[in-house]
Structures are given as structure tokens and as C-alpha cells.
Amino acid sequence: MSASAVHSLWTMAAPIDKIDAPTIEYTQLLPTLIVIGAAVLGILVEAFVGRKARYYVQVFLTVVALVAAFAAVIGLAAGGYASTEAKIVAMGAIAVDGPALFLQGTILLTGLVAVFTFAERRLDPAAHGNHVDSFTAQAASVPGSESEQAAVKAGFTTTEVFPLSLFAIGGMLVFPAANDLLTLFIALEVLSLPLYLLCALARRKRLMSQEAAVKYFLLGAFSSAFLLFGVALVYGYAGTVSYAGIADVVDGTVQTVDPALAGTMGNDALLLVGAAMILMGLLFKVGAVPFHMWTPDVYQGAPTPVTGFMAAATKVAAFGALLRLLYVVLPGLRWDWRPVMWGVAIATMLIGAIVAITQTDIKRLLAYSSIAHAGFILAGVIAATPDGISSVLFYLGAYSFVTIGAFAVVTLVRDAGGEATHLSKWAGLGRRSPLVAAVFAVFLLAFAGIPLTSGFAGKFAVFKAAAEGGAGMLVVVGVISSAIAAFFYIRVIVLMFFSEPKPEGPTVAVPSPLTITAIGVGVAVTLVLGVAPQYFLDLANQAGVFVR
Amino acid sequence: MSFPLLTATAAVPAIGAIVTAAVPAARRTAAKWLALFFSLVTLVLAVLIGVRFAPGGDRYQLTESHSWIADFGVRYELGVDGIGVALIGLTALLIPFVLLAGWHDADPQETGSKRWRPTQGFFALILMVEAMVILSFEATDVFLFYILFEAMLIPMYFLIGGFGDRAHAGSDEKAAAQRSYAAVKFLLYNLVGGLIMLAAVIGLYVVAGNFSLQEIAAARASGELQMATSTERWLFLGFFFAFAVKAPLWPLHTWLPNAMGEATAPVAVLITAVVDKVGTFAMLRFCLQLFPEASKWATPAILVLALISIVYGALLAVGQRDIKRLVAYASISHFGFIIMGIFAMTSQGQSGATLYMVNHGVSTAALMLVAGFLISRRGSRLIADYGGVQKVAPVLAGTFLVGSLATLSLPGLAPFVSEFLVLVGTFARYPAIGIIATFGIVLAALYSLVLYQRTMTGPVKPEVSAMPDLKVRELVVVAPLIALLIFLGVYPKPVTDLVNPAVGHTLSDVHEKDPKPEVEAAK
Amino acid sequence: MSPVNYLYLAALLFAIGATGVLIRRNAIVVFMCIELMLNACNLTLVAFSRMHGNLDGQIIAFFTMVVAAAEVVVGLAIIVSLFRSRHSASVDDASLMKL
Amino acid sequence: MENLIALLVAAPLLGAAVLLCGGRRLDRTGHWIGTLLAVASFAVGVLLFTDMLGKDAEHRALHQALFSWIPVEGFQADVAFQLDQLSMTFVLLITGVGSLIHIYSIGYMEHDERRRRFFGYLNLFLAAMLLLVIADNYLLLYVGWEGVGLASYLLIGFWQHKPSAATAAKKAFLVNRVGDMGLSIAIMLMFTTFGTFAFGPVLESVGDTGEGKLTAIGLMLLLAACGKSAQVPLQSWLGDAMEGPTPVSALIHAATMVTAGVYLITRSGAIFNAAPDAQLAVVIVGAVTLIFGAIVGCAKDDIKKALAGSTMSQIGYMILAAGLGPIGYAFAIMHLVTHGFFKAGLFLGAGSVMHGMNDEVDMRKYGGLRKYMPVTFVTFGLGYLAIIGFPGLSGFWSKDKIIEAAFAYDDGIRGWIFGGVALLGAGITAFYMTRVMIMTFFGEKRWQPDESGNEPHPHESPKSMTIPMIVLAFGSVFAGGLFSLNESFVKWLEPVTQFEHPHPVISVPAITASTVVVLLLGAGLAYLMYGRKPVPVTAPRGSLLTRAARRDLLQDDFNHVVLVRGGEHLTRSLVYVDHTVVDGVVNGTAAGFGGLSGRLRKLQNGFARSYAVSMFGGTAILIAATLLMRAV
């Protein structure tokens, strides 16, 4: 065929005479920049600081970075970016608005608390005279090999966890703020990859740890591939990846100009399939049924501090992204995605609660409970009302602190083999150390959503939003599944308080101020949000508007 | 801004709970006295409420109202009507006796960690329950009430599961297992009820936009808040279910025998005499006031259930081998009467029901506590293990008899008045149901007297031959209760005066009038 | 020929990759399949970019490659450590945690 | 003067409180306190009586309102007393006989270490019984009604260590409860009909309502009466009630409490008068019971049970009379009073005999006691003559009148039937009383040493016991005659109960004559059977009727099979149902979720690839669903 004929088949990209430099609003990006920068510094520290000092330098650096970043977030919020000044920065890549800032704040705080638990070095007995934390001495060495012993003897510690966590946090900060699909994808990877590694770094039970890492990695990569394909399809549909642009096409505000594109542009099949795949990617991170199956294994295998960190921070970030996607990109598609999400939410609530009943490992139990909670939060997401947004924000804030606290308590209960995570070991804990048991009971009650705990306030908020959003059915299912869930939380309490202590039961390690702070913060937040949630609800309300 | 009496009345026991819990393990006795002191202060405040309350005055008095969770439309709103005052009085009155009766129930037998302080915990939990119950009687904000309604389960749960009957047949493990089963059953039953209510509460918010009982009731009365019939009925059912579990109403009753059987006698009293009253109280205050039409729609069904509870509970009480379970089933029967009185929708019925709540509280307390003393002496709950006690411990037997007679509502003792009012009130509108219900009084006589005969009379069993009679502490617990039973039986006027206006309001809420006597109607 | 065909090809590749993930045991192979899926995505992006006549798609493709590379780094590290401690790279052998 | 009324109740009530709460320190003086307060109450009664006699017939009723008891919207119950002639009669009987029996008990209970409590219970009974008869409304009456029930429960079971006693007490209370159901339903009916249940208003406004309602109320009242007065079908408890100490049997189960039913019916006369069907029911019950009781009385060898049977029968007479309406009320009450005297006397006599015979109750082990205990013999004998209605003695006057009234129950077949029954009853009464008399006091001694070898030494009882018997004997001889002098008793009651002269279907002299004949026949027959040949110590098997009668005509067996057994089965099965069904559903749900959970967790098989599959499938579903949503 002739060249012209061929040429007529495709269009030339419009010739670009000059590319003007992108404008980056560094101040608005400050939180992220601080964290990422600190992470990079951390790498350098690993390279140049002596082994003995590293731990302290890293902890210091990380804490400072997180605090600074949090301060930056507060500053931005105070600067009105949470409400009136909300804007889109970095060439439309990142949104700085209420939800973003609220979630970033939450992530930074939970991250901070989590870092405390990372840095805990008093729980395990000192090996060869040097304190050890819950991370392996040398990830590269084969479990049980001489090299490992040597590493332990030499007092190696994997201080890389701190920069890794910082990277992850950086990704999480971007995730809910991402304003185009590319940024979304990148952020997803940035937060995931470090987590894969962190999962593999447990000091005890390394085989399980590695297995968890592999599973998490493979499945995570699998899901992100789907997400990326979804991105591609949506791009194909809309011709752009920026949320606003897509939304416009979806609403039909922009009509296709070029007849040549008519084939793809505005082809709803592309949109729907793509959207579904993106949703899948996010639901995977959230841990919603049927994309939840990695959760129990990974939560169980990963080092407990990491589990806490994942369970809290990752969920927050992922739900943030999900909210933005559904509320900014796909509102026009509400009537398509709502029924589907209904199904997902119901399945998540019920299956999470039901399967948890028969769990025998405390970490797995909490994993399933986190699945059930994901279901509750989804109920709020589905509400598709401003109340829905704020209720979800509130729930995430409340839930993440309870979770970190709970896992922090799990790190305390130990026997010869490290943490005693099998439930039978927890029998009679209330007799042996009432305080720890009581604290854990508080967390469990919060999970169960008993009034006067943050769990109840959050649950009430999302259910209320759902009911107002016309999802009364979801509320009923939610209520039923929380009844089922109550059963296994109570089972643990019964075990701790009403059954006789076993003679060879576990001991409760006396932690350093770090873990104590983590737990203390958890309890405090749980009770404060339970008794007087008004202030935080207001916060969530003001933060409840997406910029577009 | 006057002195917040209602808040104070609830706050004192709460503070008491914290203080008591903080007492170091060694100073056990101090903790006990401390708890008793706080409960007495509460009693004084409750009396003060009774004094400050003007029966003729506004419907809700001593009201307090502060913004709490504006976002949920929730306010911290308190206020009492006559019914509330009566029940607050009952609660504040019973708790000191409960504490005294349970004086030694929580002394630690084996030593756990040095932080393990069962005694302090026991007394603190009881005070905590008292605080929550009292506040729930005062709450005029649906959400606030709901929170307390749910939250009080937790301390109750620990009381049941943590401090079961030491005097239990069989091995310790078995006892512990049964105990935690009972506790879990109690908690789950009530939690499920509560969660279903939660759905209704949320629904109410969606419909009404706020939680203030008075506002909603006013809006409904004035007609500016319309509810679709089906909506109203669903919401009503949601609320009623929770209250029916708590009350408990047949067939939602099976948690009560387990709970009362496994818990120590004082805790059992706490359950049936105090906590369960919240359920019946809430029926009067919330179901009727918020959903008048639905209440009337459901009345026939509820009356039938109540009737079943009355007869069924009594029959099962006859069939029990375990003293405490017997009392539990008797209570189920009594709660049937209370609910029947409430939904008879006559002033006699509802006044009677309210009076019944108070009287049943006192009479069950008397019977159950004496039974507890008996059990702690012999170390068994089985009726068959006793016999001829009156020979060796006449005072104990005598008080036990009075308790039993109160349970069968002998005229001259308090329960008679309320039971008869309920019967008359029901009969006036539903003669058939009223008549069937009177069979309950025969059955009541049957189980009470069988219990007394099997345990107290006949030849003295060797195991009880050395049984000591009531000690001073125990007498101090029982005597006032009995005196109160007689007083309220002869002169219930103080309570009825308190209750009548409130009942009048409730009836007007549901737009019901007492049926006129035939003769007057004819004229 | 129409660029739409590239889309069909990409879809095919993606499907192949996905199937591979589901049926292959060896972790390395599974991982390769995932890479295949990513590349399918790239192809799609590029094709669309061509059709829309804007560069976004191609840019994304570059990002994707970087990400893929990063994944390789992390993934291989994990898989290798697993292999060294188990002397097997079979995904199915790694099933300590279940139920 | 009316302010004294409360004292009637207050005195014994105080006694009860003091004695029951007083504790051991009162053991030595307790019985005196009790007796004193009983007598005090009697004195008050007499005082009020004299005062009442001072006024003219119409203005004798006194009223005292103490306080408002249960004030509820539209429902008013007061603690208020009303003392009219009817109540007065009862007050005197109760306090009088009561005091005597207190005195008697001092001796009778001398050796019982719980005597103080016994007197406490007796006082409690007096208080309750007085409350019953002076209450001015049905609800307060109900309090007394159950109060006497309680007292009787406590006293029947006074010797609680005897299982039989405890059982009897429980039985009595339960059977009475059934009656009480009737009373409470009656009160409810009154409330819904008249809006009140005070005697005055109710009885005045009887005219305003239909006969149906009144019949219902009447039947319910009758049910109550049956329970308290041991009338068929609720009579079964009275025989067992004899487990109680004899003074109790005399006071409660002969003279006073068991007659409460008669009081109730008489008091509610206005209602019954307006409800003939109810009246008929009353009469039938009375007639049946008087025969029933008499037959039972013939067969019992236990002296107290025999007397109990006779009590039943005599109360049958009263109920029958009360059922006859204005022609009968007065005589019912009159017979009630005379019966109070002689039956109490007889019981005290029986008690005195047992006292002398180591508490032996089997008449077959008595015999020829007249020489050992002359006083008892004489008083008992007089009581005997009185009860069989020997001309001139109390029983004659009252019973004969009832028989006349029965014959006058509407001039037709009814008159014949019930008159005949009443007449027949008189004959049987004569028979079994003669039997008792002979077996106890005549013939040769039949008692042997019991297994522990100590032979009873019959002896006369102490003064404290004999004096009351003598007093009562006087009553049994003269009371009837006294009352009948120009119908003084009838006139006394007339303002309360109205009175019409009965017009029997046959002439009065004929009735009187036949009565005398019948009773001579009965007595003669008894003499032939028991007086001529010696009485066997062990009871002969006897005829079918006899054996049935010994077992209260199988009524207990019926109860046992139908009610007790049936009840047990019912409760057992219900307990089972409650455990398996009601509770089973709950536990089943829990277990169900558990099983579901166990199955679902199998999906979590640890293989990463299967997780991937679920993800893949999930995505597929997600996509399909989204597309589907768009399609529909």
C-alpha cells in the first residue's frame, strides 16, 4: 500500500517545538520530600556510619524525619490546604487537599509509633552481650547456618529497616495524594517493595518470614500488574491518566474530537474493565475478599512490628487511594461500581469475621479481624457521600492506632521460641500480668466495637454514613458480622482472664519506653476517640472534601 | 447552672470504682470499706434526687444537657421522671447490700502475680455497673442510653465469668468452664441484641436527625416527624429485641439461668434485680415513647410472649434441681408479669409494672442473698443436698421463708401489690390473658414452697447438721430488705405517687385511655 | 495495519503471563510471567499512546520498566534467600503457613 | 369508738411480731404474752359489742379508715375497716374461741421447745382472721384471706421435721391458692364492672349490671370459698391438715378459718341473690360436700381425721344454707357459731385424749377411756350430742333450721332433693359421731405398749386444758338455744343479711320429727356395729366404699395421678425442651458458624498459586459484574 495510505492510518504526534520546564511546588510536597530525603540519607548512613553507632543514628534520623514531616503536614493544614487552599501540584501529579493531608498525618503518626516498635531492643535476651531487636542479624545468611551465628556473635543488626520503612512511608504519603494513575502506580510500588523486604527480615522463625515475603511479593506483583493493565486500558479510554481528565471524559464533558479515536475513546468496555482492574489492585492492598488471602500468611510470617506497621499504615494509604479513585475519577460511574463494591464489602465483612472464629494463632486472628474491618470501612466508602469520606477517615485514624497497639502487645508475650503467638499460650495471662492483659482487652474491645472505645465511634460513623447513603442493607450485614466478630475477640478475653494459667506458659517481657509509648499511645487514642470523638470528627469533616 | 445532681449520682460510684481498683493488693479490707462508703454516698445522692423531684411537676426534671458528639447529633442529656427516680432509688439501695453480701466472695484463694487483685476488681466492677445503670436510667438521649446499655455488659461479663460460685459441685476446671460459658453466653446474647438495636438506633438517626428523646417525642407528637408505618415497626422491633433479650423475655431467656446459676449470689442479684431492669425500663421509656403506633401494633404478640414467659418460667422453676437456677426461672416468670403490665397499656398495668420492677428487685435480692448464704455454708447449689435446715439454722430458714413468700407474692408483702395491679391492669383490657396469668400465682406458690420444703424442712441431713445460723453481717444484709418488703407491701404509696404521673405521660404518648368500668360506661 | 491489533497481542501476552503465574511452580518462572504481564501493559500503553497521539503512554512505559527493574532487584533477593534456605525455588514448597 | 377497731387486729399482730422477732430470750414468757394479747383483743371485741348493742339495729355498723393503701390512677384500695353485726359475730367467735385455745395450748405445748413460735403463729392467725372479717373491701379481705392461709401453712407444718407435716402444709397452701385465684379473678371482675371493690359500693350497685357478670363473680367467689372451706372439689387438704398440733386443728381447721368461705358468701349475699345460677352452684357444692365429708368421717380410724371429715360435712351445711339466700344466711352463720363451739370442744377433747395416750390417734387403740379421763369424757360427750343435733343442744337448733331452709329451696323438686340430702347428712353425722364416741370412750381398753415398750398411762389433762373444754362445752349446750330465743340471732343479723322466713315443702314439725328419727337411726346403727361386739384393733378390709372412704373417696389418688404426676412430666419435658430446643437453637447457630468457619479456612491452603487463582477469579468476577451492571 502507499505510504500516504499507510500514513492515513495513524496520526503523527503533534510536533513539539519546546518543552517548558515543569513547575514543582516544593513547599506543598514538603512532607513527602522530607521522608524520602531522610530515607536516602539513611542509605548513606548505612554506608558510612560505623556499625555500633548506626542504630542510634538511624533511629534518630527516622524519628526526626517523621516528626518534621508531620509538622510540615500540620503547617500545610494550618495554611488552609486542607480546605480552602486545596490545590493540585507537581504538574497535576499530586493533590494537596483535606483527605490527603489527613491521611498523610495519620500515616506519619502511625509510622512514628511503628518505628518505635521497630527500634525496641529489650524484648529478646541479649545475644553475646549486644542488644537485639526483632530483625535478623543478617538477612543474607541462611537460617541456622554458621554465617548466621557469626553474624549474631558479631552483633550485626539490620538497621536498614529504618530507611526501608521511610521509603515505604514515603510511598504511602504519595499513594492517597496521587492525582494521576501513573503516580498511583509508582506510589504503590514505592510503598510495596520495601514492605516485601521488611517482611523477610524476622529474627525468629525466619523460614516463615521468608515465605511470607515471597507470597507477598509474588501476589503483590501479580496484583500490580493487573493494576497497571487497568491503567493502560483507562488511558486507552480517556487518552489521559490524570484523574480530572478521566473524570471529564467519564462525565462526557469533553467530546472526542478526532474521529480516528472514536474507536477507543469513550469505549465504555475499556473504561469498565480498566476501572475494575485498578480497583482490584487497590482492594488487594486493602485486603478485601477475594483478594485477601495473602493477609493471614503475611501477617503471621512477617516480624510483628512490621505486621503492625503494614496492618495500620498500608490500610490507611490504600483506602485513601481507593477513596480518591472512586470519588474523583469514577463518580460518574457510581451506578456501575456501587453494586460490585456492595458485594465485595459484604463478602469481606462476613468471611473475615467467620473465618476468624476458628483461628488459633493470635497474629492470624488479628489478620482476619483486619479483613473484617476492611469490610466495615468499605461500607463507609460505598456511602458515596461527604459523610462517607469523613467517616472513613475517622475510622482509619481510630483503627490504625488500635492495630499498632495490639501488635505491640503481641511482641511482649514471649517464650523460648520468641513470641508466643499460639492462643493456647495466652491462657490465664490475666492472672500472670493483669496490666498487659487488661490493655490487650481494651484493644480487643475496641476491635469488637464496644461503646466508649474508638472502635465503636468509628463503626457508628461508617454505618451511619452508609445508612444515610441508602445502604441500609450493608448496615444490617455489618451489624451481624460484628456480632460474629465479637465472638472471637471475646474468646481471647475469656482465655486471658477466665482460664487457669498454664505452668509452662509464656513470660511477659518488660519493654523499653519505646514500646511502652507505642502501646500507651494506642490506649490513649482508643479511649479518647471513644469517649470524646467530637474534635477528631470535626477534623475529618473539614478534611472530607477532595480537590479536583 | 445548678448542681448537676444526676451526673453526680452516677459519677460517685464511677469514681469509687476507680479508687477501689487502685487500692494495693495487700489492703483488701480497706478496698471493701471504701467501696461500701462510695455506694452509701450514692444512696444518699439518690435519696436527694427523690427529695428534689416533684412528682406533680414537669415530666423530666433535674435535667442536664451538654453538647457531646455534635457530629452524630448526640448530646449528654439527662433527666428523670418518676419511674427513673424509683429505679435509681432501687439500684442505689441494693448495691450496698450486694457489696456486703459479697464481702468474702472475692477473697483470692490462690495467689497469682502480686498485681492480681481480685477483691479490688470485684468491688470496683460492681460500682462500675452501678454507675452505668444509674446513668442509663437518667439518660434522655437515645445514643447515650445505647452506649451505657452496651458498655455495662463488659463489667457484668467480668463479674460473671471472673467470680463464679466458689461453692460449686464438681472439679474447679469444670466450674471454670461452665462459668466462662455462662459469661460468654450472657455477653454474646446481649451483644447481639445490642447490635441489632444499633442498627435501629442508626435508622432512627437517619429518620429523625438527632437522638434527643424529648425532641423526637415532641416532633412525633406534633406530627412534624412522620414515620412510614413499616419504618416505625422495624425500628421498634430493633429496639424491642435488645430490651427483650435484656429483660429477658421468652424465648430469649436462656442466658439468664446460666448466668445466675454460675455467678455468685450477689452478682446474680446484680443481674436480675438491677441490670435486667434497664431492659424493662427502656421498653417503657423508649419503645412506647418513640414508636407508639408500632408498640400498639406489636402489643398482642408481646402480651402472648409475656404470658408464655410467666407460665413457662414458673413451670421450669418447678422442674429445677439447682436453687439459683430455680430463682432465675422464677425471675423470668416475674419479668413476664412486668412486660405484660407495660404492654397492657393501662395505668394500673404500667404503674404495677414499675412497682413490680422495684419490688421484684427487693424480693429477689432477699431470696437470692439468703440462698447465697445457704450455699456458701454447704458448698452445693443442689436442692437435694439440703434438708431440715430450719432445725439447725432457724433464722436463716425464717428469712428464706419470707423471701419465698415474697416471691409467691403473698399479700402484705410488696410483690403482691404490684402483681395484683399488673393483673388487674391486664384484665381490664385483655380478660382472657389476665385470667391465664393468674395461674402464675399458683405455680409461684408451688415452686417457692417446694423449694422451702425440700431445703428447710424434714429430717436434718447430716451434712447440714453443723450449719451455723446467719452471722451479724448477713443479718444486716437481710433484715432491712425484709423490712422494706413489708413496708412496701403495706404502704406502697410513696412509690405509686412517684410513678403515677409518669405513667400518665407514657399512656398519653401511646394515645391510650383506661377502659371505663362497665357501670360507669353504662351511665 | 491497525494499531488495534497491538492491543489484541498485548491482551494475549497478558493472559499468557497470568496463566503462567497460575500454573508454574518455580518462583523464578512465576516472576518471569509477571514481568511478561508488565510488558503486555507496556505494549498496550504504547499502542494507545500512538492512537491518542500523545506521549503519556510512552512515558508511563518507561516508568514501568524502571519499576519492573526494581521489582526484579527486590524479588530476586527474596527468592534467592528463600532458595538458599530451602534448596528449592518451588512456590508450593513454601506453604508452612496455612488455614 | 370505731377507732378501737384497729386494735382488734393490732393486738395479736403486735404479739406475733414480738414473739417471732423476739428470739430465745422470750422462750419462758412468750406463751403468756401471746395469750394476753389474744385475750386483750377479745376484750376489745366485747367492748365494741356492748357498745353496738347500745345502738339501734340500723346504726350499729362502724367504719374506720386508716390510710390509702394502693392509690393508682383509677384504682383505689384503702386500709379501712367495717364492723357490722356480721363481722361482730365473727370477731367474738374468733377472739373468744381463740383465747380459749391459747390458754389450752399453754398446757398442750408445754413440752415443745418451740412453744414461743407456736404462740407467735397463733397470734398471727388471729390478726389475719380478724382482718379478714373486718376488712371493708375485697382486696383487704384478700390480704386476711391469704394471711390465714399462711398461718395455717405455718401451723400445719409446725412440726416441720416430720416430712408428712411439711407436705400437708404445702398441700394446704397450694389448694388454697387455687381458691385464691378465684378470689382475685372475682376482684378483677368487680373492678372492671364496678370500678371498685369496696363492699359498700359494689353491693349497692349490683343492680346496675347484668346477671351474667354477677354469676361469673359469684362462681369465682364460690371457688375461693371452696378452697378455704375445704369444699368439694378443693377439700382434699383438710384431712392432711390434721398433721398440725391439735389446738390448731380446733381453732383453724374447725372453728374459724375454714368457715371463712361461709363468711365470704354471706358477705357477698347481694351478688348471689341477683345470680340464682351461682346460688344453685353454691347449694350443690354444699350438699355434695356434706355427704362427702360425712362418708369420709365414717371410715376414718384416726380420731382427728374423722373429726375433720365431720368438719367438712358441717361446713357443707353452712355453705348449703348460704346458697339458699336470705332464708339461709342467718342460719348458716348461726350453725357456724354453734359449730365453732362444739367442734372446737370435740377437737380439744381429742387433743386431751391424745395428750393422755402418747399422741396416739388411732381410735382402734383407744377404748374405755371414760374412766381414765372423766372431764374429757363429759365435755366430749356434750359436744357429741350437740353435733349430732340432739334436741335441745346447740347443734339441734342450728342444723334443724338449715334442713328446714333446704326443704324451702324453691317449692318444688329442688326443695325435696336438697332437703333430703341435708336430712340424710344428719343421719350419717349421728352415725359416725356415735362411732367415734364408742370407739374412744366405751368398750374395753385396746392399747398395748408400743415397740419401745412404754405403755400409755391415760390420765386427765391439766387445768389449763380442761377449763377451755368446759367453757366450750357450755357453749355447745346452750348457745343454740340462746340464739333461737325469739330468733334473737336472726334479728341481730337481719340488717346485714336480710331474712325471709323459709316456707318448706313439708311442715316444719314433720321435718323436726324426721330429723330426730334419722339421727336416732344413725346412732343406733353405729351402736349395733361398734357398741355390741368388741372393735378389732387392726382395721378390717371393709367394703369397697369403706376402703374408698378411707382414702378420701380416691380424691387424693386422682390428684396424684392427674396433677402431681402430670405436672412432673410436664415440667420435666419442659426442662428438656428448654435445654435442647430453645437453647439448642442458640448453640446450634454458634456451632453452625463454627463449622462454616472451619470449612472456609480450608480455602486458605497456604499455596501462593491458589491465592493467585482466587485473585484472578475475583478480578474476573469484578469485571464481569461491572459489565453486567452496565448491561442491565
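Letters are used for the chains, namely A, B, C and D, taken in the order the chains are written, and counting of residues starts over at 1 for each.
FYI, contacts are C-beta pairs under 8 Å (C-beta built on N, C-alpha and C of every residue); 3 or more make two chains touch, one makes a residue touch a chain.
Chain-to-protein mapping (UniProt): A = NADH-quinone oxidoreductase subunit N; B = NADH-quinone oxidoreductase subunit M; C = NADH-quinone oxidoreductase subunit K; D = NADH-quinone oxidoreductase subunit L.
No experiment lies behind these values; they were computed from the predicted model shown.
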Chain whose averaged C-alpha position falls nearest the assembly-wide average: B
Pair sharing more residue contacts (C-beta pairs) when A-B is set against A-C: A-C
Whole-Å separation of chain centres (CA-atom averages), chain A against chain B: 46
Whole-Å separation of chain centres (CA-atom averages), chain B against chain C: 65
Approximate Å spacing (C-alpha centroids) for the pair chain A, chain C: 24
Chain centre separation in whole Å, for chain D relative to chain B (CA means): 37
Chain D: positions in contact with at least two other chains: 590, 601, 604, 606, 608, 612
Per-residue overlap in chain C, given as positions that touch at least 2 other chains: 18, 21, 30, 91, 94-98
Contacts with 2+ other chains: residues of chain B: 188
Listing of all chain pairs that touch each other, if any do: A-B, A-C, A-D, B-D, C-D
Residue ranges of chain B touching chain D (in the complex, touch as defined): 185, 188-189, 250-251, 253-254, 312, 315-316, 318-320, 347-348, 351-352, 388, 390-391, 398, 405, 410-412, 416-417, 420-421, 423-424, 427-428, 431, 434-435, 438-439, 441-442, 445-446, 449-450, 453, 456-460, 490-493, 496-497, 500, 503-504, 514-520, 522-523
In the complex, chain A residues that touch chain C: 9-14, 139-140, 142-143, 182, 185-186, 189, 193, 196-197, 200, 206-208, 210-215, 217-218, 221-222, 225-226, 228-229, 231-233, 235-236, 239-241, 258, 260-261, 263-265, 296-297, 300-301
Residue numbers on chain D that touch chain B, as the complex places them: 20, 67-75, 79, 139, 142-143, 145-147, 150, 153, 157, 160-161, 163, 165-167, 169-170, 173-174, 177-178, 180-181, 184-185, 187-189, 191-196, 205, 208-209, 213, 567, 570-572, 574-575, 578, 582-583, 586, 590
Interface residues, chain C side, partner chain A - complex: 1-4, 7, 10, 14, 17-18, 21, 27, 30-31, 34, 37-38, 40-41, 44-45, 47-57, 59-60, 63-64, 67, 70-71, 74-75, 77-79, 81-82, 84-86, 91, 94-98
Partner chain A, residues of chain D touching it in the complex: 590, 593-594, 596-598, 600-601, 603-604, 606, 608, 610-612, 614-615, 617-619, 621-623, 625-627, 629-630
